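Letters A, B, C and D name the chains as they come in the text, with residue numbers starting at 1 for each one.
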Amino acid sequence: MSTNQLNVGIIGAGRIGKVHAENLAFRVPEARALSITDLNREAAERVASRCGIPAVAGSADQILADPAIRAVLICSSTDTHADLIVRAAQAGKHIFCEKPIAHSLARIDAALAAVQQAGVKLQIGFNRRFDPNFARVRAAVAGGEIGAPRLLHIISRDPAPPPVSYVKVSGGIFLDMTIHDFDMARFLIGDEVEEVYTAAGVMVDPAIGEAGDLDTALIVLRFRNGVIGTIDNCRQAAYGYDQRAEILGSAGSIATGNCYPNQATISTGQCVRRDLPLNFFMDRYTESFSNEVRSFVQSVVENKPTAVSGLDGRIPVVMGLAARKSFDERRPVKLSEIQ
Amino acid sequence: MSTNQLNVGIIGAGRIGKVHAENLAFRVPEARALSITDLNREAAERVASRCGIPAVAGSADQILADPAIRAVLICSSTDTHADLIVRAAQAGKHIFCEKPIAHSLARIDAALAAVQQAGVKLQIGFNRRFDPNFARVRAAVAGGEIGAPRLLHIISRDPAPPPVSYVKVSGGIFLDMTIHDFDMARFLIGDEVEEVYTAAGVMVDPAIGEAGDLDTALIVLRFRNGVIGTIDNCRQAAYGYDQRAEILGSAGSIATGNCYPNQATISTGQCVRRDLPLNFFMDRYTESFSNEVRSFVQSVVENKPTAVSGLDGRIPVVMGLAARKSFDERRPVKLSEIQ
Amino acid sequence: MSTNQLNVGIIGAGRIGKVHAENLAFRVPEARALSITDLNREAAERVASRCGIPAVAGSADQILADPAIRAVLICSSTDTHADLIVRAAQAGKHIFCEKPIAHSLARIDAALAAVQQAGVKLQIGFNRRFDPNFARVRAAVAGGEIGAPRLLHIISRDPAPPPVSYVKVSGGIFLDMTIHDFDMARFLIGDEVEEVYTAAGVMVDPAIGEAGDLDTALIVLRFRNGVIGTIDNCRQAAYGYDQRAEILGSAGSIATGNCYPNQATISTGQCVRRDLPLNFFMDRYTESFSNEVRSFVQSVVENKPTAVSGLDGRIPVVMGLAARKSFDERRPVKLSEIQ
Amino acid sequence: MSTNQLNVGIIGAGRIGKVHAENLAFRVPEARALSITDLNREAAERVASRCGIPAVAGSADQILADPAIRAVLICSSTDTHADLIVRAAQAGKHIFCEKPIAHSLARIDAALAAVQQAGVKLQIGFNRRFDPNFARVRAAVAGGEIGAPRLLHIISRDPAPPPVSYVKVSGGIFLDMTIHDFDMARFLIGDEVEEVYTAAGVMVDPAIGEAGDLDTALIVLRFRNGVIGTIDNCRQAAYGYDQRAEILGSAGSIATGNCYPNQATISTGQCVRRDLPLNFFMDRYTESFSNEVRSFVQSVVENKPTAVSGLDGRIPVVMGLAARKSFDERRPVKLSEIQ
């Protein structure tokens, strides 16, 4: 294959690391994974074998020290992201990092400062921007198909809540789940949110409430440009994974629906029905994952800005902190209140 | 026809008075309109001729004084509703009155007191409850098809704003437009709202803002039972009249879409398309108007409670006042704050 | 009401006679039913009372002899249609007659000759042309929205078969059921069929086969202009009344779907579903019945040709006879073979 | 990778050969392509490089002589299929062969005899059976969800006709295009067709007619079990690739629609619209191609019968010949007439 390929190292061989490894191997000819590492060495070996990755590294440091590697994908647990970004930047590697960078703004800012100082590229893993459905909504807004946006609705519901053990370390629904929707809101409207207001509760599982978190939420967003919108989140939808957006503009509206495993409709004496929507984020967002990694690789190879910057990784955390503050204080909260 | 028919008088022969007169004449065999009146006598005469109403009265008082008439439909301008309710109640007539009863709670309470004292029936004209689409949503909730409700969304957008001259006397978007959606929210969930929060703006026409009103709004609702929801209003949707609702429950969701003039889909080299939805509330809600008047007639004939009580007319006005207060004070407002 | 109203007599107070009487009374202000008759006098009296028809006639002759009546609606049983057309024409009445005129071409031709000789208007009751869905398909073809038509599909399935006693006198599926679709095919394409080919069987109920009829059929149509198409008929569809059409043209296609009682979609852990389509032709085609009678009345009042001529009543019978001949002889049959 | 992998050779590196090579490389871990060949050696080299295939063979014979190769994919031009099947069988290789095997039954029968004699496996490339949409329709029939099938409709239209130069060597529309639909009809119903009747014409391009072929066709199918159905083919649909099927059964119906690049709906002042369906068979049937090759590989590895047998490759050719004979003789033709 081409000598112009980007040599990549992968830190983390869990669920999402495996996805990126497969996409690099099978769908992004411009890149090649040279090495992968994981605290669970067997997991790294399985992915390496499956994807033809020649080396399994003993540690992230070993990857960061490898002069043949120009870029790293950080797919390890959230609490390691900020520190790995700093170290990767200091090692001169371009960085793709899963969301969120961190739960604390101080750690995020330290990471972004290291990136800036090193002059490396950083892309945050907001894969949904690369989904053909949401990309089409953005294109309609950006292309003027619906005129000036006025109202936005994002519906984002999980099929089932994660284990309470995970909830406890997740950073809370706003930093763990809504963070994708905060990014989506900014992406779709192409403007910044000034203020949020949260109405939320525990409706799915009392244990989530006992863990200090919420499982159902409505967040109202007020953008600088006057657009107002809502995010609707629930940790459980009986019918599966529900991922939609709708925008009203001065010249029309655009709405995108869920994705289904097939287009078949069955009519019986009871009802007219179809099968449930794609239920798992890996199935629903398959295409977005390969698109985002390819986009990152192209940014590096062609020396262009990444599609999702470090700041794009910071702002949704600010929004998540503001959303929680709004819930706690039962009032609208300006993003400028969050330091 | 039957001697058991309910004899009715109609006060007001404008757009909505004409609709009720036609429905009584052609679709509600249990009732007969004996008399109609309007400040514009020619309008009353046209409707009488069209609908076979034998008499055109010179005033509302003449109708209220007619012993052959057992019930009246109050279809005159909003500022006359409360006073006519009082007089009709004192005359012992059963009353169907268009929404809203009044913009002031004091006037509403006086009207409701008169109704209670007289022991007559009162139904408020929230016709959308009788629309087959929204009725189906309510049936799904009431019948447990989607489990316990969690999240509600109502989208209610007009094709085009009314003239600014009307806006000035309308009582504002919350009492003029959202009032239907406040009623719908209570009807669909079957519970009371405790608190509202409003995010709104002037996005359609600056003249509406200059008149002291808003044209685009999101209202967050918090119900006593924990359900949270939103109402989305805009005075202008380029594609026409947009009237939808969606509820997420613990066992599933129900969503109802717009109504179209036909079911045809056209595919060309440009796109796959259909004609615009029904654009006028008379077309969109045709069936609901005849259903509501028949429901009122049956309540009187069979001596049952009406489907939309006087209290059902009062509460949405409280909600409208709270929504405006929330906008003005930029904070969530409890309904209990509104006196 | 207006002195320009068309005075009408109604012959037959069964299911369809009642529909026309109600539409005349409540939805066609340009006409007034003066008299109605039925072999079952009580049925006629009930309809007269419901619709405000002043007289119940003792016979069709009495109606035909009434000089105040300018037009008649023939809604009696099929075997009486042709003879009543002849007598009505001789009496100088304009005629609306339910389909089919007769099962025999000789009787049809005698009826059409009488109409022509008398110079009265005749409209045949192919109501589906006036359905907003099929009218939209026709408009797309006539207006060039899909270019030159190439392929046509009509799907027309009943919820359940009629009683076998009815099947025996029905004239067979092609003259009883497909006849509507033969008319629809000519109407949608705007051209004449030259040849038909039938594949059919007994799949719903063996008793229908024992009565000499078929219950499931595909009929291939070849039009003079080269268009080819199919009609799909079944006497039983588990999910209800299925009435669709689709046309492929050189510039695109148009397809129209079924009509539903509401636009609600329910998503549960099992499926995404909606309620069954409107199940009864009275519900499905409500609007078409009032449109067709109003169209007839306007043709008379404004002295214009009727929208569905006597020839439009004859040709589908020819097609039905050809379709049966094709089935019997297992070969394509030209319409010119049918005398 | 695993030593249990099936070693495969690929004969033909054109459009479809490339698809199979990529699927083997990236989506079928149970197999490995060892060698590829093409008359155009550069094409073979490009595919080999892209897909990591270690060798480019100088000829099919070289592949067939390679003892390391256990199975071949025949992706060369149609006229070479039958002969290559014979030679591959004689070489003891398992065979996946693109459709059709040949245009002549004699050549097909010779190929199938060689396969049977050698005892190797043969799968024919009717990929659409592996499409999730059509597979769902089949599952509904096989699983009894719609009861006993009665009526079948397949719509299969290309976005645009192939060049006339291709039409001339294509074997005609029935062997080139409808052949997929003949297979689909048998697959969906799970029974054999006894008789076909064809109505067809030249509506897209007169040059296709001058080449002796047709471009628009309806074929009526009569199955042994009584089911009747139609196939609708057109070489040109303005809106793109149209691939649908619908079956009516005694207990309900199932219909599958087209696939779209996104689920977005745009509403403007003109219409409610969505983007055109996936327009190219590579996009529309992506998943089916990888599914079919994986199915073949698994059949060999697990020593099971292939999902699409040699007989499944023969029968659609018989149907195509019968369809043409029906058109030529303007009469229904039994498959038993085709020798």
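Note that in this section contacts are C-beta pairs under 8 Å (C-beta built on N, C-alpha and C of every residue); 3 or more make two chains touch, one makes a residue touch a chain.
Worth saying up front: this structure is predicted, and the values here are computed from it rather than measured.
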Inset, instruction - Any chance you could name the chains that touch chain A and chain D both? - result: B, C
Legend entry - Farthest-lying chain, centroid of Cα atoms versus that of chain B: D
Inset, instruction - Could you tell me the distance, in whole angstrom, between the mean C-alpha positions of chain B and chain D? - result: 58
Inset, instruction - List the centre-to-centre spacing of chain A and chain B in whole Å, with centres computed as mean CA coordinates. - result: 43
Legend entry - Between chain B and chain C, centroid-to-centroid distance (C-alpha), Å: 39
Legend entry - Per-residue multi-chain contacts in chain B, two or more chains: 146, 237-239, 251-253, 267-269, 275
Legend entry - Interfacial residue positions of chain D with respect to chain C in the complex: 146-148, 150-151, 153, 157, 197, 199-201, 203-204, 216, 218, 220, 222, 226, 228-230, 232, 234, 236-239, 242, 248-253, 330-332
Inset, instruction - Give every residue of chain A touching chain D within the complex, in rising order. - result: 1, 25-27, 29, 49-50, 52, 132-133, 135-137, 140, 145-146, 251-259, 261-269, 275
Inset, instruction - Name, in rising order, each residue of chain C that touches chain A in their complex. - result: 237-239, 267-277
